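Same chain, two partners: subunit A is paired with subunit B first, then with subunit C.
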Partner chain A sequence: MRLRLPTIAACVMAVLVLVSPPARAWLESSMTAQMLVQLPLLAAVGAWMASALPASAGEWFARRDRWGINGLLLASMTSLVWMLPRALDAAVDDAWIAGAKFATIPLLIGMPLALSWRRASLVLRGVFLAETIATCFRLGWLYQVSPQRLCSNYLLNDQQRLGYWLLVIGAALFVLLMGKLLAGRFDPGPDAQMQGGER
Partner chain B sequence: MDTLRTLLLSLLIVIAGGATLAAATDGFRAFTTESARRLAVREHAVPVPDFPLQSASGGHFTLQDLRGHWLLVDFVYTRCQAWCSVLGGEFAQLQDLLAAPIAQDRLRLLSISFDPVNDDPAQLAAYQHRFGDRGHGWIAARPLDGASLNLATRVFGIRVIADGTGGYIHNASIALVDPQGRLVRIFDSGRPDVVAAALQEMLAQ
Partner chain C sequence: MAALTMYPESERLSAGERVAFNLYMISAVVLFVLMMLLGVIMRMAQGTWLEVAPDLFYRLLSMHGAGMVGTMGMVTTAVMWFFLRKYVTLHLWAFVANYVLFLLGALCIIAAIFVGRYGGLWTFLYPLPTHSMGMWPDASAAWFMIGYLLIGVGMLLFYLDATAGLVRKYGNLGRSLGLQWLFGGRIDPEHPKAVVASTMVIIANSLGIIAGAVILVMYLVGIVYPEFKLDPLVAKNLTYWFGHMYINATIYMGVIAVYELLARYSGRPYAISRPFLWSWAASTLFVIIVFPHHLLMDYAQPRWVSITGQIISYSAGFPVFLVTVWGALANIHRSGMRWSMPSRLMILSLFGWAAGIVPAILDGTISINRVMHNTQWVPGHFHFYLLLGVLPMALALMYHVIGSRRNQVSNSAADRLGLPIYLLGGLIFTLAFLAAGHLSVARRMSSHLPEWIFTDQVGAVGAILVLLAMIYFATRITIGLLRGPDSGHAAHAAA
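Then we have the complex of A and B:
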């Protein structure tokens, strides 16, 4: 498969739209919009970009990404950095940090997640999802109860509203995961198939 | 072979990620903008530039005129119902707790308004009166132009955002400027005893 130029162009366009001053002004005007709309959209663009990678690049990464662990690890580490209140503040105030945000969230979170997820085993996916749910609850609870503003650029009621929505999202993911565990069908993943493993 | 490559890359990601996190938090010591600012000031004193102010008595002066004294500085707006009332009461308490150095003219307290359009000298005087000004050592003042206001809030790291109902939300803290005119410490508001104790220690040195 060759580099898919139309998809790449569309992804670049999507990032440009998100970087444009009106979109930034709107999505960065509240902590809730930034964390629940802007950052997920950027990651989604990265995931989309993964489908446009040339096969050779995909194979290069696949050889260094057994069980999908490195894509998930890279995405987790990058997310940790952008979960720092300081980093979110700086990305609003400083053009260089903003540039880093708009580049690393698609390339180091969205893209590796999309590439590694299908390689990840059932157990690894479960651990990753459980940790995502736990993070939603931890941050949501912190934002709900913290009497202090954690981001200098945003209001306390905005922080509490974000906390509420993180709890809702964490609960929804939990219900989905439980539903899948109780009633779903499982794809054991390519590794298990290769090893003749069973579900 | 793939396993080895994978583990090697994992190691790289963990090292690079750890280094980035350490750099972004000053070695895991500051996770918010506010704590980062305090840490930075504590480690490297920041020279405070000169800017003109008008006091509650209507007189004009510049920050340079206050050199040679220790200065405790806070930022307020007099219509404020929240933090500024805490800060106002706190400055009156500090006048009591630090009465000796104030009487010796080694220390001054300075409240700077970030709402200079509304906070004219009369409003500033009323603010001080409302919170029990003891009558000496506490200056309330407003910057006279936008450039001075921006300079002051930037140097002292004060972030002011509109709260949507005509008021402002701002970080409440008390800054300490040494007699050489350098910002050396930033204290939490709400603990005048801590501020007074730290100051007594520095004055004793």
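Then we have the complex of A and C:
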């Protein structure tokens, strides 16, 4: 068992940078920056942390995360909360909610995603990606057409800009996925192991 | 040659697979009979032979439309599964999950219609399915859409499992579609047509299902937060992208039965070719972008989209149809074809497909569409295509499978009588719709003008004949499937 201390230190530093008032002031100054820059950066730090976990912790999680289902479910459920405009708003106004955001997004979204993805079958990955794409389109559309501000801290034009970028991200993910399916290479991963007894 | 073995070992069904396959097929034939019964009631009501209140009529029409489309999707999925599992690993849980989600979705739809009084049909135009003017509560519309979502999720799960199987074996979907042989190279003669067709369906229909997952959830959000107003034109485009793809996919899944079975009855190999691969590659693209032909009457739609819709309508299904029919005719010409129910049904299906797309292509022409689209010409087209094209493909597989079961009389006298009755009834029924379209009889209306009633009555007679034949087919197939396997046939025996 070996903790990768430099990686952990770097992750902690990254979180501290993201929590710092100047970074928060900049990243929370707009709904678009908070949702499309700050939250993904926090999730990325969580994913990075996963690579620093000791083997025993990874094995402990693996025993509770057969085929990656629980990890992806945990990440999805946590993402549901942070997709809500009310949650984004509260994270700006309330220190406790902000603390919850800085803790849960790395630990309950980024880390389980990184750990579970490699265990997940192609079917599960497909469900996750299809739903991610559909959610980008739904949220993007909603933010574009909502006649009123959904966050009291952000203006309507910011909300509509976020909607536009979510539509762009959904379309880009879709094109990448189609390209991968049509011309890419696939790691058989756990699917190959599952072939034997599961027909 | 393995491909010409009537019941090859690779099609053997394990005990679990046999139960799942029987559930799909028996559920399908029972649902077809019930949905046809609703169709007969509606045609008789339009023909003034039955008294049906308008609100009940629209509920029956909602049930008939949703039920038929869903059941076509379910039964042709079983056709695709039956053959594709020979070439790639498919997990039984995904096939069963699709069935369970289909049933749950069907229950939601039935409850929405018969308990919640939903009568807004599928497909509906925004702001429907809400804004019912008091005819049904918004909750019923929500249940109807949740039903569709469940059915779509089930099919997506099955497609994802099939995708996993295909990429494991072929590397990616481009290779399973045969794109590497479009411009040269020696085509692998063993590359299965079922794999090519399945790949096309997976690509095209998954996109449609994702579009459906977006628009149906947006409709649901609109029920909870009525202040959200969707762009009606975008909503209509997505609704038709989903709806068109779903029903279009059924024929491309169903035709797998023809590709796999025809050679066994003709006794002549049915080889894969470069034109075949080109046609499926072209149709993969065209089928995805053809849906604007449903919106040719929408003046707000950009002009170029409508023109594209017309051009793609001419070419979307045509390449695959052409190579399939040409290939099939070349295959059976002077082959000493073994004429029995499966082979007859396959030939009927090719006729239904061929004749059924003619009114579709006409309706896909902007100048004709402006006159014909809201008439019974359109139900004439899709009933022709589904009743005489897609359904016989699925029935061909069912008859083929029961041919391997114990004590089965293949090609009985009742079969020989049932098929002509089905064909005659189907022709009377669909031609009555097309003639009504020619007379500008409006579609989707419970009450008709006196001048229109003659075509309704002729259509009702045809529908009754189809129903009688289908009751026979359903009984014969159900009994056949429930029989144990014939010890003489290795395939389909319980493992």
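Some notes on this structure:
Here is the rule we go by: the second predicted complex is superposed on the first by the 191 of 199 C-alpha atoms of A that agree within 3 Å, B and C clash if a C-alpha of one lies under 4 Å from a C-alpha of the other, contacts with A are read in each partner's own complex, and residues count from 1 in each chain.
Rule of thumb we're sticking to: a contact is a pair of C-beta atoms (placed from the backbone, for glycine too) under 8 Å apart; a residue touches a chain by one contact, two chains touch by 3 or more.
Remember, predicted model here, so these are calculated numbers, not experimental data.
On the shared subunit subunit A, the superposed partners subunit B and subunit C are arranged side by side without overlap. Of the two partner chains, subunit C is the only one touched by A:Ala134; subunit B is not.
When both complexes are overlaid on chain A, the residue A:Ser121 reaches subunit C alone and has no touch with subunit B. By the touch criterion defined above, A:Ser146 reaches subunit C but does not reach subunit B.
Legend: residue contacts after superposition of the two complexes on their common chain; A:Leu181 is shown touching subunit C, with no touch to subunit B.
Between subunit B and subunit C in the chain A overlay, the least Cα distance found is 10 Å. Per the touch definition, subunit A reaches subunit C in the complex via residues 121-123, 126-127, 130-131, 133-134, 137-138, 141-142, 145-148, 174, 178, 180-186, 188, 191-192, 194-195, 198-199. Note for the complex: subunit B touches subunit A at residues 2-3, 5-6, 8-10, 13-14, 16-17, 20-21, 24-25, 30-34, 36, 159, 161, 163-164, 169, 171. Contact residues on subunit C toward subunit A in their complex (touch as defined above): 14, 17, 89-94, 156-157, 160-161, 163-164, 167-168, 171-174, 179, 203, 206, 210, 213-214, 217-218, 221, 227-231, 234.
Residues 63-67, 69-70, 73-74, 77-78, 80-81, 84-87, 89-90, 149-156 of subunit A are the ones touching subunit B in the complex.
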